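Read through the structures below before going on.
Two complexes, one shared chain (chain A), two partners (chain B, chain C).
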Partner chain A sequence: MEKIQISHIQLFMLLSGFLFGSTVIISPVQEAANDGWLAILLGGAGGFLLMWLYVKIALLNPSKTLVEILKERMGKVVGNILAVFYIWYFIHVASIVFRDFGEFITAMTFPETPMGVIIGIFAVLVVYVLNSGIEVLARLCEILVPIIYIAILIISLALITVRDFTAFLPLLENGITPVLKSAFSIISFPFGEAVAFLMVFPILYKEEKLKKVVFSATIVAIATVLIVFFRDLFVLGSGLIRRTNFVPHLTTLILPWFNVEPLLDITLMIGGGAKICICIYAAVKGLSQIIKIDDYRSLTGAVVIFSVVLCIWSFENVLELFAFTDKVWPFYSLPFQVIIPLLLLLLSFRNKSRPSKQGAQTQTGQKESNTN
Partner chain B sequence: MINIRNQEKTANQNKVQNFIDSREPIPERLELVKTRLNEIFSGTDDFMYREFTCGKNGSIKILVAFIRGLVDKRTLNQEVIRPLIERFSSEEFYTPAAGGRLYERFIEAVINVDLKEADTMHQAVNSIVSGEALLFIEGEDKALVIGVKRVQGRQVEEPDTETSIRGSREGFVENLAVNTTLIRKRVKNPNLKIEMMKIGQQTKTDVCICYIKGIAKDEIVKEVKERLKKIKVDGVLDTGIIEQQISDYRFSLFPTVGNSEKCDKLVGKLLDGRVAILCDGTPFVLTVPYLFIESIQVTDDYYDHAFFATFMRLLRLISLLVSVLLPGLYVALVSFHQTVIPFKLMITLAASRQGIPFSPFIEAFLMIIVFELLREAGVRMPRPIGQALSIVGAIVLGEASVAAGITSNLMVIIVATTAICSFIIPPFIRATMLLRFVVLIAANILGFLGIWFVGIAVLIHLCKLHSFGIPYMTPFAPITSAILKDSFIVVPYWAMITRSGAQEHVEENSGSPDQSNNNKPGDENKT
Partner chain C sequence: MICRKGSKGAKIALLAIFLLSALLLSGCWNNRDLTEMNLVSAAGLERTKDGKLLLTVQVVEPAAIQSTSSGKGQGGNGSPYPTYVSSYEGETLFETIRGILSTLDKKLFFSATQILILGENLAKDDIIEALDFFQRDHEINYKMYILVAKDVSPQEILEIKNDLDPIEAMYLKRTVDNNVARGTVKRTMLIDLVKDIYCSGKQIAIGQITKSGKKEVRTEGIAVFKDGKLAGWLNRRETRGYLFAINQIKSTIVNVPVEEGLVAIETISAKGKVHVPFKKGKPAALGIKVNIEAAVGEYAGTGKLECPERIYELERKTEEVVRKEIEDALKKVQKEFSSDIFGFGQQVRKYNPKYWKKIKKEWNELFSELPADIKVKAKLRRVGSVRDSLEKDE
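Presenting the complex of A and B:
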């Protein structure tokens, strides 16, 4: 198979698209209401740390995917088991984004269309783009992700006249607990889910730019989430934010003169699409590395279908989905997003310091494990 | 020399035309030559040969064979045959004892005309059919190919397909030699390489690859040559046939090989690192690699003010989107997303749609079909009838159909706008035409979401396309800042320091012209 590489701009776009994901329609800090910006800043700082963790792991294990790192650092059996869990996790993330998307479209734009149809067509596109190759996805994101920024800019500027800039007062009305809770959930969604990028980092053309790209994408994502949050807060006020399912959508409805609902659909499809594609790619790539086949393309269809079925079966309705993502998801993701990566980092550090003491011996050992 | 070698290659591939063995020698006896030629050219009445003698006592017998009409007889007579007779009649020029082969002395005697040697009967016959005269000499196993082709055809004139406001009016013609001269005239540089080859098992058409060494990437040139060599067809009547054979994606609606009739445009492409493929008998020259962005680039952009050019580029890009999306958007708006339409426009819309028997989709579909019919009829008809046709189309189908209450006014406006926009970007006319229907159908099924799904699918396809190893959407995806200067933004010509050539995104430097000095002139220079 020819070597596939993506440029640092493409990685930036992929990561930005991923971090937006469904945050375009679902406010991650609903619980904190008017103190959400504090939660975003705190969570953003936590997310930044997580990103540093992932980058560090990637830099300590150059040109290796997560599955390869797991196998190398944890041993073959434990590594493979953990890799299978990770693949499950990626598919699960993809299925939740699928569901978010389907719920939004059926709730807002096409109330009479069955959700399966919309998710199904979306899934066909996902299979098409992934089977065309990850570099095609990267190019697609290069064209489409800027549209998200443009859309946010248009919506935000159009609403500049209908704002109440004092809406974020009073500070910490309900104490610090909801803020911390929200901050915790924002760490896992969207930042922690970027653990899937450990499967993508190895194909970056210039590895030395990895750190810069990831951090700038994270900062941009935090800034944009903050802008979107302030816009929604100033327009809607804290009461409405707490009671709405799709906060940004309600904001756009208030826009005078014009209805920009399609614009929101588009941003959701871009962000969600990027996220689903990356997750499915991470899953199929990992799967192909576990079962040792060269080309992941034969697995894409099956994995996508599984993910679609999962997303339809696992929740009865949108409330159940939200309850799950609110209450269960952060804790459920904790081992995947924090604990195992931390363990990997420690193991990587230990292995890195060992060659300096024992010299060539471990290097040959590493080579052997590579060939295995 | 390369000519002869390629002829041999095509002869080896040639299974149909095996009446001459490619290694058959030329008989030394003129009588044998005559019988052999008569065999080969039996039933070919425009084939002729003449015998004459020269030398002191008529000691040298010569046979000249050619095809009537292809050869300039006057030149043949005055520049070849007369000097031969005159010079060989004197003793001091021709002494058999002086050594050397006779045909070598012949080449010395004739200066004004190209002379080449033919070693086999196969080469000789090929030269005759491609319009050269053949000179057989009694007692020699080699024949002389005399280049006295008669050049006829159109004068160099402004091409109809691509007109420009500023810039050169010279367009290519059907004659390959004239076309290469036109290019040479503009690029006075030995690095401009013109390599000839023959394609077509029956027609043996001259095809030539043209590029500037040092600017065009070597891999692309090599790839082009390899793909051209793989072509196996009976005849190449137009570069369109070559285009289909060398395209990366044969089923794609979007062209991955460009064509042009304009000389200055082609030279601009060569300077951008493209490789041109010229073919005898057609004024259309192919350029590869061809990228998406080239469809909205026009030579005028570079001669004009940069701001204006930028505006025009944006306009063209928008017109591309409009010509594909507009009917679909209208249908989606009217049938699904009435809430998106501002209230006042909604009232106007409702008023204009009052009493229309068809759904917006059927209405749009019918109108677009009618427009496509008109367009096709207008292209195929002779020009005066075509004009009458367009009047009929505009008045009868526009005005009358609205008056009859079959379509709404707005629909006519929309189809007309779509039609105008689709003419702005000629390379994509096929793609936009078909995609318009796809978008229309998708819009009728899923509204904006349907359009969006189709749009993404097309975009994925575009991102997937390659043209000779270069991603099709290159300046946008992958973003290449060097080329972005010449995309929908046009910077002034003096600011275009880097070439907008076909570089890969991972590459740092853009193949500076100095590199050409390091390269030794290769063997392929012989043309």
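Presenting the complex of A and C:
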């Protein structure tokens, strides 16, 4: 297999682009309305723990992808079965992002274009990027993800005159329940979905920087989501936030002097694109490792097409999508995001504590974790 | 791969394909040219006697704008106005917008709409259900101004033609801007309205528009709503009082009576704030605090401004005038309409959420009975280039 490596800055950009993903258009804390910032902080703390979990797994099993770890720690049969489930999960995540993207564009920007066309064109791009290699994706993110932050900065600063800074009051108007619910959903979307990065971590050039990079990207992502949330709340007020489908889009529409709507579309394409690409990459990479072929490229086209079809078939309308991502998704994701990784961590620790047969690789793993 | 191994010709071909695909990418699926649609510059909505919606649109013909600007003064052939007004009746707004195409030639395009005028009958009936379309549709300009027509139908206002601006909607918009600067009308954009409708503890108030003479409009005063229905009107002075309280005044002229005449005070900045002080777990009053920085603009009468004491006196008098305006506005909405357009309820909701939950339903009645506590502070900073008023030396 060819040697593929990405630098830590590239990983940072990939991860923060991924975490930002479709959060650009769909606010994960809508239900909590003006207490959303509490939900973001709580959920962010939870997300941080999850990231720590993933990093720990990666450090205990150096230069191994999730599929390899599963096979090694759980035995060949169970590992393979779980790996297949994970691949399904990654494809599902990608299809949901595809659908979010398609729904937004058809609802707001191109209402008369069929969604299949929009998603299809996007899918062609995804296949092209992935077949050019993950390094290309990493370099692309290195250039493009900063644009997301610039766009957010521009929109936020331009709206500074139309703000009501007391909009976050009253605290906990509807009790703590909606906050906890929102916090729970923000843990699974977007932080928990970063489990796909267990397929990416091994190609990081300097593995010892992994922890630092992942944690700083997580903090940046939490801060950005928080800034976007406060911007929307101060501009729109809590009543409107709870009832609008695409909150940040509405915010950009009321900019006093000029129209920056395209900026939002661009950030969505970059963030969503990064997320879809990573998920599909994780899926095809895993698949190629299960069926033991060297190059994942022959699989990309098929998997992307599958994901696109899935996203169009699984929901009949936008409300079904919202209901699914709200009510089912967090629970459905739980085994993939928390339970199996926790199990893996425990198994990795157990193998570490008694002298293992794997020898050299686990030894380095010990060193890694000891230094940290 | 092709790039690396191919000849120079192949590279050029590839480049050409990329450049050509850029041409395809620039357009969207439902590409429409400016000449293929009717730009709606202003729209009016009214409820007819049999309960239907009457939509009036003022559409702009872009080609005609050019001919008027270049052909002005030549006089003569054809209408000098680039706008056209048309109406249609229907049950829902969307149906009406499509139905109007039975008389107009091209599809309506609402992204550049500047003004939406709501008729008095519609306002009395309910404006909220008529506004849903504007919030749901994707082609709407959230920054369009909303006005309520008083004593006149929206259709009549949209049909006014004068020579001030070829597009009448722009004339309307600028008069609103002028009155906003004067502090005599509330600037209500669609987004503000939507925000206020969703906001619990605040009733909506929208600027008003009337016809003045044959060719002009007047946009002074506001329409006060209660639960989406028109409750009444505030006149120019009361409107200014209201705007002082909700912090929307920048520069306005306040006439202050003194012994020998009137002094015109120009406010430079004004900061208004509403709050509800609580005593023993209950709201004690409706508090309004206004801080004004102002300058003396005119002394119409015989008097002298020679010492600071005179200025202090003038400050007290200015405060009194402004306080009276605010009080009048508050009294009227309290006693006559019992509609909380100031947003006191919102303050209660923000700072005393538990109490608000209990009395949310009865807030309108509670609001009507609370005493007012209005504090105005004025500072006169400048007197202009002369001190005393213009008079003959004796």
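In the analysis below, the second predicted complex is superposed on the first by the 354 of 372 C-alpha atoms of A that agree within 3 Å, B and C clash if a C-alpha of one lies under 4 Å from a C-alpha of the other, contacts with A are read in each partner's own complex, and residues count from 1 in each chain.
Please note the rule applied: a contact is a pair of C-beta atoms (placed from the backbone, for glycine too) under 8 Å apart; a residue touches a chain by one contact, two chains touch by 3 or more.
Every value quoted in this text rests on a predicted model; they were computed, and no experiment measured them.
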Requested in this report: Name the chain, either chain B or chain C, that contacts more residues of chain A.
Outcome: B
Query - Contacts of A:L60 with chain B and chain C, given as first, second, both or neither - result: neither
Query raised in the report: In the superposed arrangement, which partner chain does A:L345 touch: chain B (first), chain C (second), both, or neither?
Result: neither
Query raised in the report: With the two structures laid over each other on chain A, which partner does A:L169 touch: chain B (first), chain C (second), both, or neither?
Result: second
Query raised in the report: In the superposed arrangement, does A:G239 touch chain B (first), chain C (second), both or neither?
Result: second
Requested in this report: Scan A:Q10 for contacts with chain B and chain C and give back first, second, both or neither.
Outcome: first
Query raised in the report: Where does A:E142 make contact in the superposed view: on chain B (first), on chain C (second), on both, or on neither?
Result: first
Requested in this report: Check whether A:M108 is in contact with chain B, with chain C, with both or with neither, and answer first, second, both or neither.
Outcome: second
Query raised in the report: Between chain B (first) and chain C (second), which does A:V84 come into contact with in this model arrangement: first, second, both, or neither?
Result: neither
Query - Residues of chain A at both interfaces, chain B in one complex, chain C in the other - result: 109-110, 113
Query raised in the report: Which of the residues in chain A come into contact with chain B in the complex?
Result: 5, 7, 9-10, 105, 109-110, 113, 118, 121-122, 125, 128-129, 132-133, 136, 138-140, 142-144, 205, 257-259, 261-262, 265-266, 269, 273
Query raised in the report: In the complex of these two chains, what residues of chain A are touching chain C?
Result: 107-114, 117, 166, 169-171, 173, 236-237, 239-240, 243, 250, 253-254, 256
Query - Touching residues (chain side chain C, partner chain A) in the complex - result: 28-30, 138, 142-143, 189, 191, 194-195, 198-200, 349-353, 356
Query raised in the report: Mind pulling up the chain B residues that touch chain A in the complex?
Result: 337, 339-340, 342, 446-449, 452-453, 456-457, 459-460, 463-464, 471, 473, 476-479, 505-506
